[in-house]
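Shown below is the structure under consideration.
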Amino acid sequence: MLINVPETVVPDALRGIAAAHPELNVDVATRVVVRREAPVEGKVGLVSGGGSGHEPLHAGFVGRGMLDAACPGEVFTSPVPDQMTRAAAAVDSGAGVLFIIKNYTGDVLNFEMAAELAEDEGVQVATVVVNDDVAVTDSLYTAGRRGTGGTLFVEKLAGAAAEEGAPLDRVAMIARQVNERCRSFGVALSACTTPAKGSPTFDLPPGELELGIGIHGEPGRERRAMMTSHEIADVAVEALVEDLRPDGPVLALVNGMGATPLLELYGFNAEVHRALGERGVPVVRTLVGNYVTSLDMAGCSVTICEADEDLLRLWDAPVRTPALRWGC
Amino acid sequence: MNAFEPALDGEYVRRWLAAATAAIERESDHLTELDSPIGDADHGANMRRGFTAASAAVGKEPPQTPGATLALVGRQLIGSVGGASGPLYGTLLRRAGKALGDGPTVTPGELCTALRAGVDGVAQLGRSERGDKTMLDALYPAVEALGSALDSGAGLVAALAAARTAAEEGAVATVPMQARKGRASYLGERSIGHQDPGATSAALLIAALGEAAGEGAA
Amino acid sequence: MLINVPETVVPDALRGIAAAHPELNVDVATRVVVRREAPVEGKVGLVSGGGSGHEPLHAGFVGRGMLDAACPGEVFTSPVPDQMTRAAAAVDSGAGVLFIIKNYTGDVLNFEMAAELAEDEGVQVATVVVNDDVAVTDSLYTAGRRGTGGTLFVEKLAGAAAEEGAPLDRVAMIARQVNERCRSFGVALSACTTPAKGSPTFDLPPGELELGIGIHGEPGRERRAMMTSHEIADVAVEALVEDLRPDGPVLALVNGMGATPLLELYGFNAEVHRALGERGVPVVRTLVGNYVTSLDMAGCSVTICEADEDLLRLWDAPVRTPALRWGC
Amino acid sequence: MNAFEPALDGEYVRRWLAAATAAIERESDHLTELDSPIGDADHGANMRRGFTAASAAVGKEPPQTPGATLALVGRQLIGSVGGASGPLYGTLLRRAGKALGDGPTVTPGELCTALRAGVDGVAQLGRSERGDKTMLDALYPAVEALGSALDSGAGLVAALAAARTAAEEGAVATVPMQARKGRASYLGERSIGHQDPGATSAALLIAALGEAAGEGAA
């Protein structure tokens, strides 16, 4: 691993983010990354966060048209409430703050505590819990669906709405709507290695893959013999379309888990487009790359987000963050 | 109360914290190992970070009462762990600490009641119950065993030993369970056959209650 | 690997690029990726290319302010002359074409042949050979220094000059000047696996690393026991600074080889900034990410480019490509 | 010219192409293997792609003369291989083909002269020479052995056998060399101890010249 010691991986990365992105205020000690202009007068503040190891999510999405602040936890460990309370205070201009939370027990609990504390300090807080992963089906007997690739769509689209000046209840409404219209499915071709553990989080012999993985190096729902890119796209897209049943065009995220070469990911994108086309689903925008990762895991996930004209306009709106930038 | 039993004062809670911190330190890799096949391989690191922070805070400015000490440990866990275990263990200890009240010492019965309040707090915050394959599967048996032992007249040290046995058995009993809460639940049936890391760390924390009492008695 | 069969990896990826980027004209059969607006009236055309497996280089850098066309070869194999001749014809508006060639025997030979053929067809061609890799020292007894991360700076800065309307000789002059001011050094923490071979290109036991690698999965100049991020930055930066001896500010590229998590890469960036600072080299712009990769190799490279005000202005000029975008 | 020796016509060059293609096919993985420690693990795949394309093109519309056939193979290699070996082998065969002229058959001496012209073309294009640890270290010994054998009155088959032996020895002789050209040169001293993949494929192409002659004689 390209590190100093496992204990300083997160603060080391934060120092590196600060060095590369002078447009962000990075507080290495308290682990809060804030857009330089925050609080933006009259604008709802967007705060997200979660365990580290998913970069560029979330710090890479801080900036105009997306997040106002990100709170990175230890690797694969949700941040502590203090971080989100600080972030909320830093970005609130009086218009209130939206917490964007991926649905994991730890994230939900820590953000809930932070919301209570922030409201005690007079910040109006709304929350949205992202749970787009169709691999987790039985919500009565699980912690519920995980939040994965859909988070990017929630952050971008709600971020654009906030940038346009929408009030808190509307920004929160859009965030929830986007979440409802997002579905994701992930596949691992290798496990990942956390700095603390130093060895792969699970054993996956070459020639096998895991279907229905999350983004924390956990194994999936099912292990199978290696499949082609064509077959993987069919399994993923079938799961998404069957669950979402979109009747309009979608935005697509063809996401690498970290170690899958872009060359392969683009090839996979061709198969995803084919599979969606065969099921009558038109794709209006496509993002291909490593956006919601799992350290050095090889594999991919597909997210689709049903988008009406309003959402499409919000997608195309200018964004200026380290990892997503267009229009400015 | 037997003369050989230690006083349940601030000093006792500090001994417990020292024993718990040492146990977590020792078992850290094992806890992370347990968190690999059905979780995200960080439970040992999480617990270690939390107990290191709590020990430092308590060492710096030790609160006077057992209740305040336990509550401070809880706040430190919430403030330094993150993940699911941070708020859950933090709530366990904060609730228990609050329930102990302001007195300089408490009775074994009060300790038991306070622990029960803490465990209920975990269930409430985690929206979880026994059988979900979580820390509750060690914690509930432990407080129940502690309660029955005290009810049937056992001394503190013996009652805590019973609690320890119940917690350890409870942790082992998570092996055949299918997880319904936490990350392990994402695995569905594949979560069966693995011991829950949180139940395992809970048994360490319960065992440390006895260690702190035993040492006090020696 | 996330592929169908090794034989179709490159055309599969090209289909995926076409699906994701409607602003590019992708000819899958002849393997040429062209900016939709080409030929741009009066503008010098920039053509680059090389073996595949280094994505987003080069196809990801096609668009306004950078390349007009890219010619991807097979994995780690330079393209054939036909591709570059076709690309030159497609992008030439009469103002001539610049070939940007990484210094590998195969690339140089194939581009040279293509330049001859293109000139036979009446296209004025200038060439620049990028050779920025300081790990290869003894140029009398080698094929010369390799072209690696510096290619990104040459493509961006010469691309901006061409977009401003500079004539061919000036664009070529700037490209050569940028190459002279660029130095790179790479480190591998693992080998990579080519689709054709299906197993790592060399054996690197865990706990060891290779210093002075190129971008084709070849081993480096030296094998060492694992080093910290701090130590690696010192070795890399020392090699760059000693060779370039910059006396002004630099642009920095802290580049991942493909499988190194962004979390680690940002931590490494902090160390690179420290190491440059300790040697009195000010950094004015920093790019951190996977830009010039080697499939799924774990590791990193550092490139610095000495930049006067002119080059800094060209760097900040708008660019709109799949992998590098700002200002528009 | 011995009555048992085959005519060096278009048919002979096609037999050579078939034998060369089969040998490349068979040795493809080995060539890639050799290209791994000191290159980029693609030489087998490159050669295979080129000879498959050349065989298809020649099979589709076989040129009349040996010279035109060889030149077509060269153009196909340039158009389909890429990498260093594509232009180099392409130039070898185009130059040799041109040097053979327009006649329907050529003499062994003319073949030898043409090959020498092709090999010189490689050296010129590659700015390389003997001892650089490249294909030239198999090609130069081969044409020299071919020339001396013919000069000393050997028949075609025997002379090609001598060329083959020289090429194979030349390939093996690259093992102790330090590379000065191509990717292997980046490794400096670490390139020592490995056989050059291009010299190895060159020996296959030379051996196929003999196979094509031997088969013709049978």
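Going by the order they are written in, the chains are A, B, C and D; count residues from 1 in each one.
We adopt the following convention: a residue touches a chain if its C-beta (ideal position, glycine included) is under 8 Å from a C-beta of that chain, and two chains touch if they have at least 3 such contacts.
What you see is a predicted model, and the numbers here were worked out from it, not measured in a lab.
Peer 1: What chains do chain A and chain D have as common neighbours?
Peer 2: C
Peer 1: Just give me the whole-number Å value for how far the CA centre of chain A lies from that of chain B.
Peer 2: 33
Peer 1: Provide the C-alpha centroid distance between chain A and chain C, rounded to the nearest whole angstrom.
Peer 2: 29
Peer 1: Distance from the CA centroid of chain B to that of chain C, rounded to the nearest Å?
Peer 2: Result: the chain centres lie 55 Å from each other.
Peer 1: Identify all positions of chain A at which a residue touches two or more other chains, and write them in rising order.
Peer 2: 75 - these are the residues of chain A that touch more than one other chain.
Peer 1: When you draw the chains as points and link the ones that touch, which shape shows up: line, ring, star, complete, or other?
Peer 2: line
Peer 1: Name the touching chain pairs, would you?
Peer 2: A-B, A-C, C-D
Peer 1: Would you pull the chain A residues touching chain C in the complex into a rising list?
Peer 2: Within the complex, chain A touches chain C at residues 1-5, 8-10, 12-20, 52-53, 55-56, 60, 75, 189, 228-230, 232, 254, 258-271, 273, 283, 286-288, 290, 293, 295-296, 298-300, 320, 325-328.
Peer 1: Provide the residue numbers of chain A that touch chain B in the complex, in ascending order.
Peer 2: 51, 73-82, 104-106, 109-110, 113, 135-136, 138, 141-143, 146, 194, 196-197, 201-202, 214, 216-219, 221
Peer 1: In their shared complex, at which residues does chain B touch chain A?
Peer 2: Residues 32, 36-42, 44-46, 49, 78-88, 125-126, 178-183, 185-188, 190 of chain B touch chain A in their complex.
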